[in-house]
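Okay, got some structures for you below.
In the two complexes that follow, chain A is the common piece, with chain B as its partner first and chain C second.
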Partner chain A sequence: MELLFQTVMNGLVLGSGYALVAVGLTLIFGTLHIVNFAHGAFFALGAYVSVQLQSFGLPYLVVLPLAVVVVAIIGVLIEVLVVRTALYDRPEHGSIIVTFALSQAVVAGLVLLVGPDPLPVRSMFSQISLSAFGLFLSAQRLFIVVITLLVLGIFGWWLKRSVRGQQLLAVSQNPRGAYYSGINVPMIRMLSFLLGVSAAGLAGGLLAPIISASPTMGDAYVIVAFTVVILGGLGSISGALVGALIIGLANAFFETYVSVSWTPALGWILVIFVLLLRPEGLMGQKDLNRH
Partner chain B sequence: MKKRLIASLVVGVSMLGMGSVMAQEPVKIGLVIPLTGATAVYGKDGKAAADWAAREINEAGGILGGRQLELIYEDEKGTPQDGVAGVQKMINQAHVDAIIAGMNSSVTLAESAITKNKVLHINPGAQADAITNQGSPWLFQINNTSSTNANVFHDYLIHGMKPKTIAYMGENTEFSKALLENLQGKLKDSDIEMVEVATYDVHTTDFTSILSRLKAAAPEMLYVVDAAPARTAQIWKQVRQMGGFPMEVQSAGTVFGPSITASEGAMEGVISGDIFITDGSEGEMLDFIEKARKETGGEPNKVTMVVYEAVHILAEAMDKAGTSTDYQKISDTMRSETWSTPRGNLRFDEKGRAIAPYFYIQEVKGDGVTLREVFEVQ
Partner chain C sequence: MTRGFQTQASGSGHYRNLALVGLAGVLIAIVALGTDNAFLLSLAGYTCGFALFALSVNMILGGVGEVPLGQCVFFGVGAYVPAIAMSRWGLPFEVGVAMGMAAAAVLAFAIGWLTRGLTGAYFSIVTWGLTGVAMVVALNLDITGGPLGLFGFSRLAVGPFNLTDPRVYFLVASITLLVVLIFLAHVRTSRFGHALESIRQSPHLAQSLGISVPLEKLKILVLSAPVAALGGALVLPYTQIVTPEVLSVMRTVEAMLAVLIGGTALLYGPVLGAVIFTVLPQMMDFDANVKMLVFSLLVIFVMIVVPGGLHQAIGMLRPARKSRVEA
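On to the complex of A and B.
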């Protein structure tokens, strides 16, 4: 019974980490219709910026928000110099090629600048392990759950209640119509990209104390993020959270009770199963005419 | 008659000239190593060691009558497909005289299928027995094989550490499979029970579920088999967060400085083994370590040693054989001679495997490892 409760807890904790990576990916696709294969690179950047900021002696709780700001600035530069020119209002397959190239360039740049060695990110939570009724949970993972719920909650509220949030939704549904209604579409697009990559950077900073910063650390997470986003529904924030929790729980149960080796395939099997029944994903909306 | 004599003299002098031109052509050695990817730390240390070894040889006058060594690098990125592409490029485009490639067993197996009967191939680091079991006449291995290391290390685990139960977790690769088979074979003749076996995909980063399952089996020893430094650090951090195990062991030949540092103390007390250790070293090995620190700018490790040895042994074998391209002659020379290295004299067996004379049991302490016990390898 202890193992069952531990597995449920592991699954929920795992899922919250996936949710933070996935929400950025789904936001970028939902608003910009860009399949962002560079999302893992921004995840890694969040971790590496955390390493660099810590080397100046800053505590982890100061490092984390600063790392998000730095990743956001890098995101803005990339949006202006690359994304805006090469990807907006273009076919989606173009975004796959360009963002994949971007991710390879970032990884190569990290290896060149910082080297291939895994680097630690120190957190006051990572050495603390909480234990009760035979269950174990690291304090860092609990911190990740709390931050994820907070960020997703604030973001969901902002989307629904703020003017900019409503404008973002409008652009995601009908960019031309939004433009004709007087919405500053280029600014909203930049904001969406910035928020999306910032979420990835935050996830990198949160997970680095557990997995260490390494140039290819984003690869595995971005693959899972894609399964989460497709499962939950492309462009759906709540779908990203639900999809993440489902994938997290499924992975935890499969690894604990069945086989670890088959886990990478599990997410895709779930995706195929759900898409057969509901092609738009669990909480996605059917594709509207966007022109 | 006179014209014929003059013509012969001209031809003869030209050929002498050509001979001296040929003697200046460098001996090209292709190194296909992971410069990026999950095992890039091996490539970084390997490149530093190879550059140092080549520099030493060239400053001493080169080989084969003054020919300098020229090292050409390709990135295998830690994947079999890139390893294959790398060796193909070396053979077909760079036209190298020999290849040094092998840090990862799965990658090296793929590479050796391409190099077989085409080019002389020295594998410095990959351990899987399957690599040299192919019977490729021009393939040589500097590092111990998995089975040689496993025989000594697993004997120590069973008869030295004596756990009652073991839980095994390892990457889903050739390297890990070979170790698991070896351990299961040895456990048959002991009272030790293997209570859990968990293998995982190399892209796994979160091991919580696996560790929960292993903890539920309450083993006395956790045996981790993983050759990637970044993943090693992740695993041990997560082990610590789950409360740890009474005895903790990592596969022989896979504990490196970068993984110890990245684990931030989570690997403290973990037992492992290797053919290289700095703690307690003396004589030629101590000289090598001190020189390596100056020449490579970093703390030397096993990768530094095996790549350094690979370049030196290859160059010396070519020099003794009097050729850089007659691979049969060079291979015969490698098998028949004894090679002086920092860790003692090495010989290659009929399968091209070098056997290290000593095997060191080590324990992680602080930022490095300390010597626990030394075994002479038979």
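On to the complex of A and C.
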């Protein structure tokens, strides 16, 4: 019973991370039509900025929002310097190469700056253990799930209810039409990129106390996030959340009850199967996989 | 994006090709006889193996315009199969290499058949996923030696040629590379090569003209896999070890960086890129991560400024010179 509970909780925590990364990915693809292979790098950046800020002696609750802001600033810089100049209205394989090269550059940069070894992030929630009905739960895990649900909820509400959110949806559906309607398309694109990478950065900062910061930590998350995004559909935040939680749970159960050493393959196999069996599913746009 | 295969149907093209082969032969002789430095010679041999892998990547990248992140799986198979054949089954190196190439082709057929409907980011994600699976498999199986990999090979030789001698190693690797280059040049000017070029330029138009896009893509993938496997086998005498790292997507990225720096369009582009990519960091004594950082940033820069690679930058200078002569 305790093992089962622990497994479910691990799955939900894992799924929350996937959901945050996936929402960013889906947002960037939806409005920019770029499959952002560098998304995992922003996830890692979120964790490493947290490590760095924490070394200044700041408490975790201050570190986390600051880390998101720093990742957002890096995101804006990259949008202006690289994405805007090299990727809009260019053939798809260019954006795959550039975003992938970007992620490799970030990983190599992180290894050079801080070394390849995992670094811990401390959170005051990690020490607190909640107990109910004879079951124990680390407060950090609960914190991750709550923050994820909160952020996704606010984001979904913002997309539906605010003028900016509606503009963002308009750009993702029809950029030219949005432009003719007087929407500032470049600004909305930048906003999407910024929000997307910030979500990845937030996920990195949230999960770092549990999994530690390491340069390639983003790979496993991003590949699963691809799966989630393909299954979920564009703009469907609830779809992304449900998909992410299901895959998180599947991962946790596989790890606990089948094999730890084969678990890393599960995410990769899932994405392969989803793409092979339901290739039209990526954000629900059937013509994406054509040039 | 990329400049396509150019054909040389005229008679003078034939002599030019012969002259190019002769020039390559002279280059090989200069390197082989010009230095006694064992390290330089083995590095040159390794460069040839890496160039084969880069060529294989470019058969897909420059050939049909897809980003083959999973190409390192074929490279890894090409390295693992001879290693397993030698240390587990006691087979000679040559047999292992042939088995590796065959295994890579079969694997490529299976992957290509499964992904026949996928292009663009889909193809890249699935093949990236395959590298992840392949790495976990290599880490977990006994036959691959787990995380430690395989090492301590008894005999690395092709027929009478002992590859542990750096000069022999370089000669075998470079001549193999040259033979593959000649073969690929023939493929390029064949009907199949033209079909591929039309797919790269416009898949829809190619399809409408009666070219089966999925079939041609499957063919080039199956053809590219043994080339990558051969490259994987030819780096063995240099590395002396096979670890799951050869299956890492980083290997593909390295080859892609080399291809993009050399230029995707021509056959010598990937070779030139491979030389730059292996020799330059060695000369400057770069750490592997500095190398990755520098070349990644360089590729981003190249993609922003000259999407066809450095070769295109030279091409951009050329017409300017010509017009000056005419004027």
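As a convention for this text, the second predicted complex is superposed on the first by the 234 of 291 C-alpha atoms of A that agree within 3 Å, B and C clash if a C-alpha of one lies under 4 Å from a C-alpha of the other, contacts with A are read in each partner's own complex, and residues count from 1 in each chain.
Here, a residue touches a chain if its C-beta (ideal position, glycine included) is under 8 Å from a C-beta of that chain, and two chains touch if they have at least 3 such contacts.
As the structure is a computational prediction, the values presented were derived from the model and not from experiment.
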For A:Ser131, is the partner it touches chain B (first), chain C (second), both, or none of the two (neither)? first
Which partner does A:Met187 reach: the first (chain B), the second (chain C), both, or neither? neither
With both complexes superposed on chain A, which partner does A:Ile223 reach: first (chain B), second (chain C), both or neither? both
First (chain B), second (chain C), both or neither touched by A:Asn251: first
Looking at A:Leu3 after the superposition, I want to know if it touches chain B, chain C, both of them or none. Which is it: first, second, both, neither? first
According to the stated criteria, A:Val13 is in contact with first (chain B), second (chain C), both, or neither; which is it? first
Look at A:Gln140 in the shared chain and tell me whether it touches chain B only, chain C only, both, or neither; answer first, second, both or neither. first
Between chain B and chain C, whom does A:Gly115 touch in the aligned arrangement: first, second, both, or neither? first
Shared chain A footprint, chain B vs chain C, residue numbers 107-108, 111, 219, 223, 261, 264
Sort out for me which residues of chain B touch chain A in the complex. 35-38, 40-41, 43-44, 172, 198-201, 203-206, 208-210, 212-213, 215-216, 229-230, 233-234, 237-238, 240-243, 258-259, 261-264
Would you pull the chain A residues touching chain C in the complex into a rising list? 35, 37, 82, 85-86, 90-94, 96-98, 100-102, 104-105, 107-109, 111-112, 219, 223, 226, 261-262, 264-265, 267-269, 271-272, 275-276, 279, 282, 288-291
Would you mind writing out the residues of chain C in touch with chain A in their complex? 1, 61, 65-67, 69, 114-115, 117-122, 124-126, 128-130, 132-133, 136-137, 139-140, 202-204, 250, 253, 256-257, 260, 287, 289-290, 292-293, 296-297, 299-300, 303-304, 307
So in the complex, the part of chain A that touches chain B is made up of which residues? 2-3, 6-7, 10-11, 13-14, 17, 107-108, 111, 115-120, 122, 126-127, 129, 131, 136, 138, 140-141, 210-212, 214-217, 219-221, 223, 251-253, 255-257, 260-261, 263-264
